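Each chain carries a letter (A, B and C) given by its place in the written order, and its residues are counted from 1.
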Amino acid sequence: MSEKPTRRDVLGTAARATVLAGLGGAAAFLVKKAQGQVVWQIDASKCVNSRLGEVGVEVCTRCTTDCVVSLSAVRAVNEYSRCGRCAICPAYFNITSAVDERGLPSEKRCPRDAIERKPIGDIDPEDPANNYFEYVIDEEKCDGCGKCVMGCKEPLGLGSIVLRVRYNLCVDCNRCAISTACPKDALFQMPVEEALKAVEIERHA
Amino acid sequence: MREKAQGIPAASFGRGSITLVAVLLLVLAPVSIADGQAIEYERPVETAPQENDIGGGYVTPQVQKPRPRDFWLQVLDVALLAAALALSVWTVVTRRSRKGLVALSIGCLVYFGFYREGCVCPVGSIQNVVVALTDSKYSIPIVVTATFFLPLLVAVFFGRAFCGGVCALGAIQELVVWKPIQVPQRLERTLGLLKYVYLGLAIWFAVQPAISRDFLICRFDPFVGLFRRTGFPHMLMIGGGFLLAGLFIGRPYCRYLCPYGGLLEWCTRLAKRGVTITPAKELECGLCIESCPYAAIEQRRAVRRKCLYCARCYASCPHEGPLARAKAGLVTVSPPG
Amino acid sequence: MIQYRLVRVIGGKGLAPDKFTTALRGVAADRQRQVYAAGDSEIKVYSESGELKRRWGTSKPGLSVAVAGDGSVYVGEPAQIEIFDGAGKLINTWREAGLLGRVTAIDFADACVLAADAADRAIRRFDRGGKFLNNIGKDNRMRGFLIPNGVVDFSVDAGGIIHAANPGRHRVERYAPDGELLGHFGRFDGIDPAGFPGCCNPTNVAVAGRDRIVVTEKAGPRAKLYDSSGTLLAVVGADVFDPNCKNMDAAADSSGRIYVADTVKLVVNVFEAVSDGKGAAEA
């Protein structure tokens, strides 16, 4: 026995069709607009630890303390092509500490000892300080505290070390806790492909 | 007058559609313009020593650029979400098995909750979608769009299958229900309106310009701290508080606060299938009503838009539950009573 | 320790003819205590009282400036040296590919012209006609001076000895005009003011009278006065310079006045020893 569709049934089907069309339309619109993932990144020209023009300010450690991940997704990164390779690196050493018998400062800046210092190029066997040195940051030890970044900042250093968000660690929160806490509003989102192509300078479209 | 379990009660359809239209207007009316930010960061490049300065065969090492989570893994998450939704519908509507539902809940809690740490979830994706519709500079990844629409699509046909066993926030609350009280219907209805207030607030803050935008749902998610095993102390305490309350009040966040639950309720009004307490087999014993912790059974009929797909009603029914299966000949038991 | 005081501030930042707009990179003084400043793409000549006497444009931004005995003005620029007469008319341009990359210092010894090439981290010696004679400072393991700060600076004393700053090694080196290293003084020290702090200091050198060497530093910008054995004699202007200064060029005249360029505020600071006002007094 077939029933004549009641008005309720017709309305129901119509409503269902409308809602599905609405959902489908919205979904299609969003899919067409989709450009892929965006990731958080730090603008080095705004970050307190690396922005130019401010000397003698205290290191900002919010990238370490505010990230929701237990070991912050922000790490210090040394852009090697811009590094001075100095024997006495103001980011590696605490250059206001007393000088030891080798003529080098006795203390290091990194509280977690995450920077490795090794001589490169033609190594002078007689005078170890008369060499270029590479400074490699071990990302598993680094927690993004920014002390080395502040030590490398111009004019003290050449500013080759900056804080960067590491995409394999960041969980991509809608509301990045660091971005809310950052005093200079230096965190911003950019498309992931652009972020991976950017060489030294982070640019915001 | 008995409400039909099928079809849409005419009165509630009118109310629902008006609210739907109102919220849509709220969403589309303010068009926000995100601020552009210019960056200039000039550093002298030529003063750093070059490879020929350093000599000795030195080659400048590449700076590590770690990639984010592979795209295929994100697609896998969406596929698993779809599979879990299908499994939820099958377990509850077809198989009517509470045990299956609990197993699914645990599985989804472990994967979407503790492993993926609750991100990206359909509840929070409301904000992403709203921002994508109103901010031309914001681009929403396809996986997030899928995460938002899949449970709604299922809800249009089958009801809140997402709530039953797939949502990690719901699963963690589902598993702590112990001695739930029956909330009076009037109070239930009033408290249930809170979720629309929350939905409206979440949308409002999401459509703000980028500088003042706030993602409320993420910020006030009581359970994400538990999933990540770390978080602000006050949020962790609130999460613990919700779980403690959940011992005695069934799934308070889901019923009174979840903004996505509000959207699911609207979609469920259109569902023709879902959890049904079938008149033909009814005993009028009322055991299902007592077993439902979510006040989703009125006058011995399932209120689909409130039903959180927990399958307790089936488990307690003499016709549907273990007793019925036993009587069907799978196991011999002595008669009750 | 000798005390120095700031007696004059010349130049400044602005659009007026006697001010600079973007950069101030070189400073020199002649016997009449006129101050020559190389900045933007111009040379500005100031009188002793700080009044602008003359100015002329250079074809490229000037990196350094030096005044020869006959009054001609040599300006070091990227890839060239321009030679002007005292009135500012261009007499000659020296371009030597591979020898003049970025000329960050110029000075004179006997009948020769010495020019620093920061691109190659060396000092070149030319005769007055522009013929290349020899390199100075390249004959070491590091194939030149260690200059992460980007400039090679040196000065020639009355005896023809070249005093060159080697910032990466935290010392001032002495060379003979044929390139032989005669000696050096200075060491790294972050605490002792007699040492050179930071990664690359001293950045610039000037010779002030007999046995007096002026150096400038960055990151804690200041100027200091040493004798040739490396004894610290004075700390000059420790709180005068903008803390962001880097590579401040220095000059000194025969009476012991010290001129130091502030590369951020774009002024030339003039210092004099505090004693009876007559030149560099002993402590």
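A few comments on the model shown:
Note that in this section a residue touches a chain if its C-beta (ideal position, glycine included) is under 8 Å from a C-beta of that chain, and two chains touch if they have at least 3 such contacts.
Every value quoted in this text rests on a predicted model; they were computed, and no experiment measured them.
Taking the definition of touch as given, a chain qualifies here only if it contacts chain B and chain C alike; those chains are A. Taking the mean of each chain's C-alpha atoms, the chain closest to the overall C-alpha centroid is A. More C-beta pairs in contact connect the chains of A-B than those of the other pair, out of A-C and A-B.
Separation between the centroids of chain B and chain C, computed from CA atoms only, is 70 Å. Distance between chain A and chain C, defined via averaged C-alpha coordinates, is recorded as 40 Å.
Chain centres here are Cα means. That of chain A falls 31 Å from that of chain B.
Residue numbers of chain B whose C-beta contacts span two or more other chains: 44, 47-49, 53, 55. Of all residues in chain A, those touching 2 or more other chains are 52, 84-85, 122, 132, 154, 158, listed in ascending order. Shared interface positions of chain C, defined as residues touching 2 or more other chains, are 148.
Considering their complex, residues 102, 118-119, 121, 143-144, 147-150 of chain C touch chain B. Residues 44, 46-49, 53, 55 of chain B are the ones touching chain C in the complex. Within the complex formed with chain A, the residues of chain B that make contact are 7-8, 10, 13, 17, 36-41, 43-45, 47-49, 53-56, 58, 60-69, 71, 74, 117, 119, 124, 127-129, 132-133, 139-142, 145, 149, 152-153, 156, 214-215, 218-219, 228-231, 267, 270, 272. By the touch criterion given at the top, residues 52-53, 55-56, 84-90, 95-99, 103-105, 122, 124, 129-130, 132, 154-158 of chain A touch chain C in their complex. Residues 141-142, 146, 148, 168-170, 187-191, 195, 197-200, 218-219, 221, 243-246 of chain C touch chain A in their complex.
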